[in-house]
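Two complexes follow with chain A in common, the first pairing it with chain B and the second with chain C.
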Partner chain A sequence: MSRINRQRVEDGDSVDATDLNARFQDYNQSGGLNAFNTRDAAFDLPQFKNPGASTFGFLASYQNSALIGANDYKHSSIVTVTGVSSTPPPATPFIVGNAAGSPTPISFGAAGITVSAGEVLRVYWDLSVYPHWIGSRPWTTGASVDFYTFDNGSGAAMALGTNAACWAFWLQWDITSNALSNFVEVPNQSDFRTPLIGGGTVYGAQLGDTMSTCVVPAFIDRAAPDDGTIPGSPDQVRVGWRGLSGAWYYPKTSGSQTIYGMRVVFTGPMAPNHNSSTGANHLIHSVAWSSDSRLSYAGGSIDVVKQRTG
Partner chain B sequence: MKKWTKRDATERTTASPAAVNDELRSSQSSITTLDRDQLPGDVVDQSRLQTYALHRVYLAEKWGSGEQTAAADTDVLTRAWKAATYQTYTGGWLSGVTGAPVTLTGFKGGHLFLEWSGNAYVFGAMADGVSQPKPGSPRYMRLRILVSGIVLAERRGPAYHESFRIFGSGVFPSGDLSVELQWRLIEPSADDPIEDLGGKNIVQGHIYSQKYFAIGRFR
Partner chain C sequence: MAYTPPTTFSNGTVLTSASLEGNFDALRVYLHNGIIASDLEASQWIQTRHIQPPRYDPYTGIQHGVSGHQGGQWSGGASARLTFATKYTTGNGKPTTDTFERMSGTSFQVEILQPNSIVLYHYWYEAEVGPDVTTGGGQVASFLDRLVWIGPLVGNTSLVEKNRLQPAQNLQVGFQSSYPIGTTKTYPMSGGYASRSGTLTDFKPKGIYDYGLVYHSQIDRVAIVNWSVALEVYYL
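And now, the complex of A and B:
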């Protein structure tokens, strides 16, 4: 609203015609019903349409969430898997499910949800995970790609883990029907089963195709360096239970897309790699010690918000 | 609009109470002309909204290539990424993706929420030397968000190979906002070997799968 900025009349002030007229003109200024007064500054919360059961207001038009995994706060009911074996191509990803082995996707109902032009789908998820292994520092043996060799101070090699091996979690969606039987990777996301280099023996994904991926370390190695060497044997360190947190965005600038459900899947252990010819960075399956690698998970949740971009 | 219709006070005339009261009464309707009180409830629905009237979303579902490339070292083992080594990373804050800062165009002034997420790796296998064995990993991928040069959020960041999401919010004036999403490694200890036995550089950190999402709330 326009504001009248004029000193009030005080007791004892003499009445002055100019002042009096100016006061009235303040209230009668032409153009008072302009765009600013009746649009920009006039609308208030009562004038806005209230959110109803089917509409969540002006910003967010849909929200949904679901529990995933084996929801147990005390981790007494968990799911444990062994790392993907060396048989190429790698096995299909593990599907996050409950303790009985049933997948725990989020369903958007019979009609699904439709993301239209000018809208964006935001997806967030979390999961309680526990990467671990059997044996002693299995990532430093054989053909493993998960360690470096350093000088031990006597010119001999000392193996130290890269701490880069990880378990990768990502999103799949079903855009065919509410039967939720046709899950595929969401856009900008690989299934980590693409042959990359090495004549069909190295599988994984380019890092540019991991936009819904979130990772946790598969192991932690630790050493005490001394003057540029690693004189003592490194220690393996328990990764422990930790929270996994992921995010993914799906904006639509034209057309529309109906989505019926989503789920979280994972694979591992994975390791860094780059193509020395193309320079592309990858996450590849680290298979040399995968049979010793384990991943346990308990519960988490997935949250979906659809909203207008403007 | 009501105009001056009753008594126009002129110089050197007596200002009687009636002169003032009559005009005030006639002005009542102009004082209470069409305003929000006269607008019906629910008059504004989504169909009436102009684009970006209330809010505006700025996002990149894949920010650039998703990877940092400013400190990418090629003299590394193929079992590592072309990424930041202490030979190529010389310290300081670097952008998550090489290039100009992100510009939030047409920000109309108000509340800004911004989140930045992805995966980050830090070698983190070396303590600060045999004489300083703790903490086990003193290396972090520090992260911060700058909006028009002001720190919106700053975090210690991942210590190993982990996902991250850093977010913050604040009130900013209208105008295009310049946003920088930056990372920074911890320097090595005096004892760290930064090459392997074969002379290849050791990757100390990388950041990838980067995306950002921001909402400007203008009301």
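And now, the complex of A and C:
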């Protein structure tokens, strides 16, 4: 085996099949590549990947992104929803869409994208959101699970919000067709409409079923505590406009999955809950004051990358 | 598999550009990703010098190898060194302005050497936002409604993707002038503490690109306490 050493083509040469074929066959050197014909730093790790194996091909083979929501960063065009009602089961989730109410999913085209064994789909999204409410500290009313009761120092009760209530956002995908009319929750993600406790009156999801979920606070309630008492009335503080971001990874270890589109949905307000009998942690619908809660959102984006894991 | 030209030429037939390109394309694939064990001489001869190592750039914090870039920068923790955003460089708090500035100290530059590279750019920051209770000057009248937007910078400030900016609200209390001087409530209690993050993906042709953070502020003082930016660039 020797280095490829063939005279270059000169002006006036005639095209000859034997010569042309030889110039390509020079690169077919089975068992011949060695130190003699390999310069320093000639090889990188991808060159040793075996064609046909799951680790062959581009490290990152697909990328796509889309704007979601109402595309206006100064918030003159927004979407506002009211918290889900107390009627069981809770309403289906809100779909992030534009100011006209049309959903803003990301589409992967007519053929979709296929995640094969040895690949991972990485999904990231963000959205400008504004949790707010009507009235004064509605989370302290009646059967709300979103407040503690303290002594005000004079023996009377003083309610203070837990600051744990939140709105939950997660991912859905359509794996049936590019019509994008059959969205369902991604794997390991609940729609928060599962009856959990209370004989069908308390709905939500176990935390193990919230793998694509991200949350944003529903309110801020502050007080000046003094030796375990709350002597003055707490203040409600605006949560304000803020950014929300989430991430979800879908590793495929066997088989394959074709995906045609994804979208971001949300519901709320939600409250953390611990089931002492099962030991499970939940996010449950906080319905006692949900009719007073609001969530506004403006714009954001969703980004998708597919790459191999090996 | 070893390289086999898709087309074997014969004398007397038409030589097309497509058949030539087909052979060249197959050769490119082989050279970049198709060499297998049986193509190599059976005896061990590859040494470290034959394998291209990645190169680390201590200025950008980016490692560059044959398959792309990876790395990033951060500031914060025990050695927090604040950087600031302010309305005085982005329109003086007037609601109709659209001026953007780079967040000082957060930018770096990388050279992408292959076409059609896939880029993932991650960013994260924590900030104390406000307070700003100044009046007049045509700025947003209610200090409660004043916002700062911080987001990813790719290229320069004329290329800001506004929909990717993440807003945060002005601190909803003021300063007290008597001892102890400072905000009248803590930032977390008053909604003035912001933690935001995001990821941007993109296709990029060959070129030199700036990555960092950019802001538009309607608030006097926004102190960025902790931040980090990270980059993944895939050539292959």
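Quick notes on this one:
In the analysis below, the second predicted complex is superposed on the first by the 255 of 310 C-alpha atoms of A that agree within 3 Å, B and C clash if a C-alpha of one lies under 4 Å from a C-alpha of the other, contacts with A are read in each partner's own complex, and residues count from 1 in each chain.
Operating definition for what follows: contacts are C-beta pairs under 8 Å (C-beta built on N, C-alpha and C of every residue); 3 or more make two chains touch, one makes a residue touch a chain.
Everything numeric in this text was worked out from a predicted model, so none of it was measured.
Applying the stated contact rule after C-alpha superposition, one finds that A:128 touches chain C and leaves chain B untouched.
In the superposed model, A:20 makes contact with both chain B and chain C. When the two complexes are overlaid on their common chain A, residue A:63 makes contact with chain C while staying clear of chain B. Look at A:73: by the touch rule set out above, it reaches chain C but stays clear of chain B. With both structures placed on the common chain, the touch criterion links A:301 to chain C but leaves chain B unconnected.
Of the two partner chains, chain B is the only one touched by A:213; chain C is not.
Once the two complexes are laid over each other on the shared chain, residue contacts for A:238 go to chain C alone; chain B is not touched.
With both structures placed on the common chain, the touch criterion links A:100 to neither chain B nor chain C.
When chain A is checked against chain B and against chain C, the one touching more of its residues turns out to be B.
In the superposition on chain A, A:160 makes contact with chain B only, while chain C stays out of contact range. Once the two complexes are overlaid on chain A, the chain A residues touched by chain B in the first and by chain C in the second are 1, 15, 17-18, 20-21, 24-25, 27-28, 30, 32-33, 38, 42-44, 46-50, 58-59, 122, 220, 222, 237, 245, 247, 307.
Against chain B, the residues of chain A that register as touching in their complex are 1, 15, 17-18, 20-21, 24-25, 27-28, 30, 32-33, 37-38, 42-44, 46-50, 55, 58-59, 118, 120, 122, 145-146, 148-151, 157, 160-166, 187-188, 207-208, 210-211, 213-217, 220-232, 234, 237, 244-251, 271-276, 279, 281, 307-310.
Against chain A, the residues of chain B that register as touching in their complex are 1-4, 8-13, 15, 20, 23, 27, 30-31, 33-36, 39-46, 49, 51-52, 54-57, 59, 61-62, 65-67, 74, 76-83, 115, 117, 119, 121-127, 129-130, 133, 136-137, 160-163, 165, 189, 191-194, 196-198, 202-203, 206, 208-209, 211, 213, 215.
The part of chain A that touches chain C in the complex is made up of residues 1, 15-18, 20-21, 24-25, 27-35, 38-52, 56-60, 63-65, 67, 69, 71-75, 122, 124, 126, 128, 220, 222, 237-243, 245, 247, 299-301, 303-305, 307. If you check the complex, the residues on chain C that touch chain A are 1-5, 8-11, 13, 15, 23, 27, 30-36, 38-43, 45-47, 49-53, 65-68, 95, 118-120, 144, 147, 149, 161-170, 172, 185, 189-191, 194, 196-203, 234-236.
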